[in-house]
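Order of writing sets the chain letters: A, B, C, D, E and F. Residues in each chain are counted from 1.
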Amino acid sequence: MESIVRRDELTTRFRRGLFVGRFQPFHLGHIGAIRTALEHVEELIIVVGSAEYSHSDKNPFTAGERVEMIRAALKEANIDPSKYLIIPIRDVHIHATWVPFIVSQTPKFDVVFTNEALTSRLFKEREYKVERIPFLQRDDYSATEIRKRILKGRNWESLVPKSVAELLVKIHGIERIRELAVSDNPTGAEK
Amino acid sequence: MESIVRRDELTTRFRRGLFVGRFQPFHLGHIGAIRTALEHVEELIIVVGSAEYSHSDKNPFTAGERVEMIRAALKEANIDPSKYLIIPIRDVHIHATWVPFIVSQTPKFDVVFTNEALTSRLFKEREYKVERIPFLQRDDYSATEIRKRILKGRNWESLVPKSVAELLVKIHGIERIRELAVSDNPTGAEK
Amino acid sequence: MESIVRRDELTTRFRRGLFVGRFQPFHLGHIGAIRTALEHVEELIIVVGSAEYSHSDKNPFTAGERVEMIRAALKEANIDPSKYLIIPIRDVHIHATWVPFIVSQTPKFDVVFTNEALTSRLFKEREYKVERIPFLQRDDYSATEIRKRILKGRNWESLVPKSVAELLVKIHGIERIRELAVSDNPTGAEK
Amino acid sequence: MESIVRRDELTTRFRRGLFVGRFQPFHLGHIGAIRTALEHVEELIIVVGSAEYSHSDKNPFTAGERVEMIRAALKEANIDPSKYLIIPIRDVHIHATWVPFIVSQTPKFDVVFTNEALTSRLFKEREYKVERIPFLQRDDYSATEIRKRILKGRNWESLVPKSVAELLVKIHGIERIRELAVSDNPTGAEK
Amino acid sequence: MESIVRRDELTTRFRRGLFVGRFQPFHLGHIGAIRTALEHVEELIIVVGSAEYSHSDKNPFTAGERVEMIRAALKEANIDPSKYLIIPIRDVHIHATWVPFIVSQTPKFDVVFTNEALTSRLFKEREYKVERIPFLQRDDYSATEIRKRILKGRNWESLVPKSVAELLVKIHGIERIRELAVSDNPTGAEK
Amino acid sequence: MESIVRRDELTTRFRRGLFVGRFQPFHLGHIGAIRTALEHVEELIIVVGSAEYSHSDKNPFTAGERVEMIRAALKEANIDPSKYLIIPIRDVHIHATWVPFIVSQTPKFDVVFTNEALTSRLFKEREYKVERIPFLQRDDYSATEIRKRILKGRNWESLVPKSVAELLVKIHGIERIRELAVSDNPTGAEK
């Protein structure tokens, strides 16, 4: 099964790991993944990808809002702040330089945690150790599912940490997602 | 009904207004919208959005051609040239800085006229006053409809000012729209 | 003498002319140049170059502020608003595509007014007609001289239209120029 | 019929021709096209378009890998290396400056070989001579078809030069295309 | 005196503060500044500016190396990791959108600590509260001074935290600064 | 002495080498360097750096003009066209991704020939083999010296291949260099 961690590998301890996500929004599956990763590294770099995007259907939240969500959620989960760093990284749109760009923006790391095929391939082509990580209840704990539920007015609060739910409400994130859904123009220009 | 102007609001007079569009092409609905806006402001800034794009199915005309269309159409409509400015603005692709970028490229304004959901939200998040504006016969007077009619060889001339129809013919715009429709390659490269 | 207009050439009338400047700030020399140009064209496109820059020692004002200056000054000078267009254009940084980019952002023109060597060469290489234009009292009526006088607290108001002087004061432009002069860091970052 | 060369035109000899493609991958149809073009020019510039893209479903290979394919295939086909140049060109995303950008990156040329509608239009608008070129067995000899066959595990080797097939295997290109097909995320970021 | 903190202001407590620097390299003056700032805020966002630059005389270190320096130095100084966030931010080169871009990449903040004139002006123009902060022994504790000493082989270790000195040696930063000084070509291209 | 080749190293034969230059213009020193490099590799990739720049004092010629110079000069020097490739590469302005970008745009290489300090360091940091290469009569055979001589009207023709001298004259390169020298405005905008 795809999301089973290869335990043989992960008995190894690493100095620093990298975990890449867009976190639109940050949810309980991410918390689970971070807990698992932290069992195997001394420090984890959490990369907030597509950092320049916001206010679109796939990327409703700014990088700053996402950093704030993650910070609040990890505090709520009692995860030691000396164990992780949160680094927003913009898209470079050139796959051949994406990994070197991430490397230039982060402290040195020796393992990458990801289940995504392209991310995995790009790091492997540069000789990085890549580990799959089990996401808890993958189908539910997905950002796509959460945005869909928000749109349809169904329960989404149970899929995110309490602090994230509160923050989403406070920044009017629910209205934002709904308004973006009726916009027919992703660049903000009138037809 | 969504495209009815909120008259209570618009009894207020503003110093300068902003009206954003792509104008691919400029049509009679735009003329109607500009006339309405001009009843409520001393001066109107007409922003030609997605200014760097042209020669694609959604953006067939260059910003320069669009500026020329608007200039000719407003002259034809006897709209006083001291009442408006036409400013082309490129897409910045970062929604979080789109409004500040527009603000940096235009004289100070105090109201924004738009019916588009994202445009409206981005300006409101920065505390700008945003007004809806009634587009006359919205379904017909749409640039998408006009491009579709040009493609299908149906009557489109009645939807645009006479001067715009003449300009489109003069710059071979009809052929351009038809040729772009059969191109399978938006970046201009052969497969 | 370099700044004498070649009258033989300029007896020709052109349909539309282009006049490129950065206008940091717009001054009486520019007014003189525009008046001269307007004797030879039906319509003049005033390009506000380096449009994305502001808040630096060479480019203190935003494109929007510069458009507002030009608009106010031409109104003060009673120049017919149907005779000119003001188009802000960002730097493309690739000289080989600078002229085609300007062409794509402006209505069709058939003559370029400039005294600047590179601007002149780039348009001539693309077969555009380029005309020199006499700037009145060139040494004084220069934007560099005006910024220098503002910095040193000497009289600069006599070099710009009254409306520009008022606008500069209203937007706190004097303080801005002086503060930028003591900044040791053009990208806004602390060392 | 569209892919028939207009022989009347092509009896003319040109000094230097331009042939634009993405070559994802380079195949036997391209070889045929280059042979035909070389009958009519002294030297052919082969432009590798979308040069900055790789590791995506439509653009699996880097420009460097594509240059290496073309070089090897033309050697295998005994085409004289003094007769062609291979120039990678990135997308500029602004159609209005795409042709001037290509012109700035290549030696002077006097004819363009292409069957693509937009490429053809953009060059013609700048007064370049554009010639259609017959692709051998167009339906099969298409890069899209080859990528599809690789994905489905069907025979693709017969559609490309032997040297290209070997290179694709050597750089693990087959696995790359298959892995990219299951990636749900073109920017390399985890959801 | 310029570097004296305005104590009347700073008796106020803020929720979150922003401190911008390039940190080339991070030194004892920065530690002092951060300690002072932390007396007045619950959390401090440390922005690593010019994040995309490295390997140049003014910006020898990558953002990742700078993040690692700061992290190590703050740990060495026993500063509570729940009290700060480190966010690398690239230059946007458009001063008019620099502050909105920073705002989009960081959690909400209500005070900015800076002594730099342009940084101060840009935040004040957007109505942010800006506080000066006393740098200890400013002339010595400057990154420019440290890079100069490294070049000249004079003592620089006493100006940075011990952990930073160790990291600089470990990543061969001393050699890097010296080699960059003899490069005559900032873009890495041979003449 | 710095420009002496380390003969012990260069007894090794490499598969493919990389030689980076801006070639403004291409001169006899470059020919000498290429001849030397070709003694040690089967194929040489000649990278034309800063490819997007032209019409400035340091970069007067377009990449296309430079490719044409190199092609003509190597033909004049009877260098086998199957032995080299010419690849224009734009500046990426991010030193940390410059080498990976070059690698993505070129066929695989196993040695880099350069005397430039930064180029050398960036390739060495990525574990590439870097070789110094003796430039013949370095002081004279420098592009800077040639541009200076052209400006001052002194003999420059003896420093470049005959075919390059002819091409420079044909494209009016001499006038271009002289006109650019009197331009006070590198971005082509009037002050």
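Operating definition for what follows: contacts are C-beta pairs under 8 Å (C-beta built on N, C-alpha and C of every residue); 3 or more make two chains touch, one makes a residue touch a chain.
As the structure is a prediction and not an experimental result, all values here were calculated from the model.
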item	value
Furthest chain, CA centroid comparison against chain E	D
Between chain E and chain D, distance of the C-alpha-averaged centres to the nearest whole Å	47
Geometric centre distance via CA averages, chain F-chain D, whole Å	27
Where chain D touches two or more other chains, by residue	52, 54, 62, 94, 96, 103-104
Interchain contacts (touch definition) - all pairs	A-B, A-D, A-E, A-F, B-C, B-D, B-E, C-D, C-E, C-F, D-F, E-F
Chain D to chain F touching residues, read off their complex	51-52, 54, 62-65, 67-68, 71, 75, 80-82, 85-88, 90, 103-108
Residues of chain B defined as touching chain A within the complex	19-22, 24, 49-50, 91, 93-96, 98, 114-122, 142-144
In the complex, chain F residues that touch chain C	52-56, 62, 176, 179-180, 182-191
Chain F-facing residues of chain A, complex	92, 94, 96-97, 99-101, 103-104
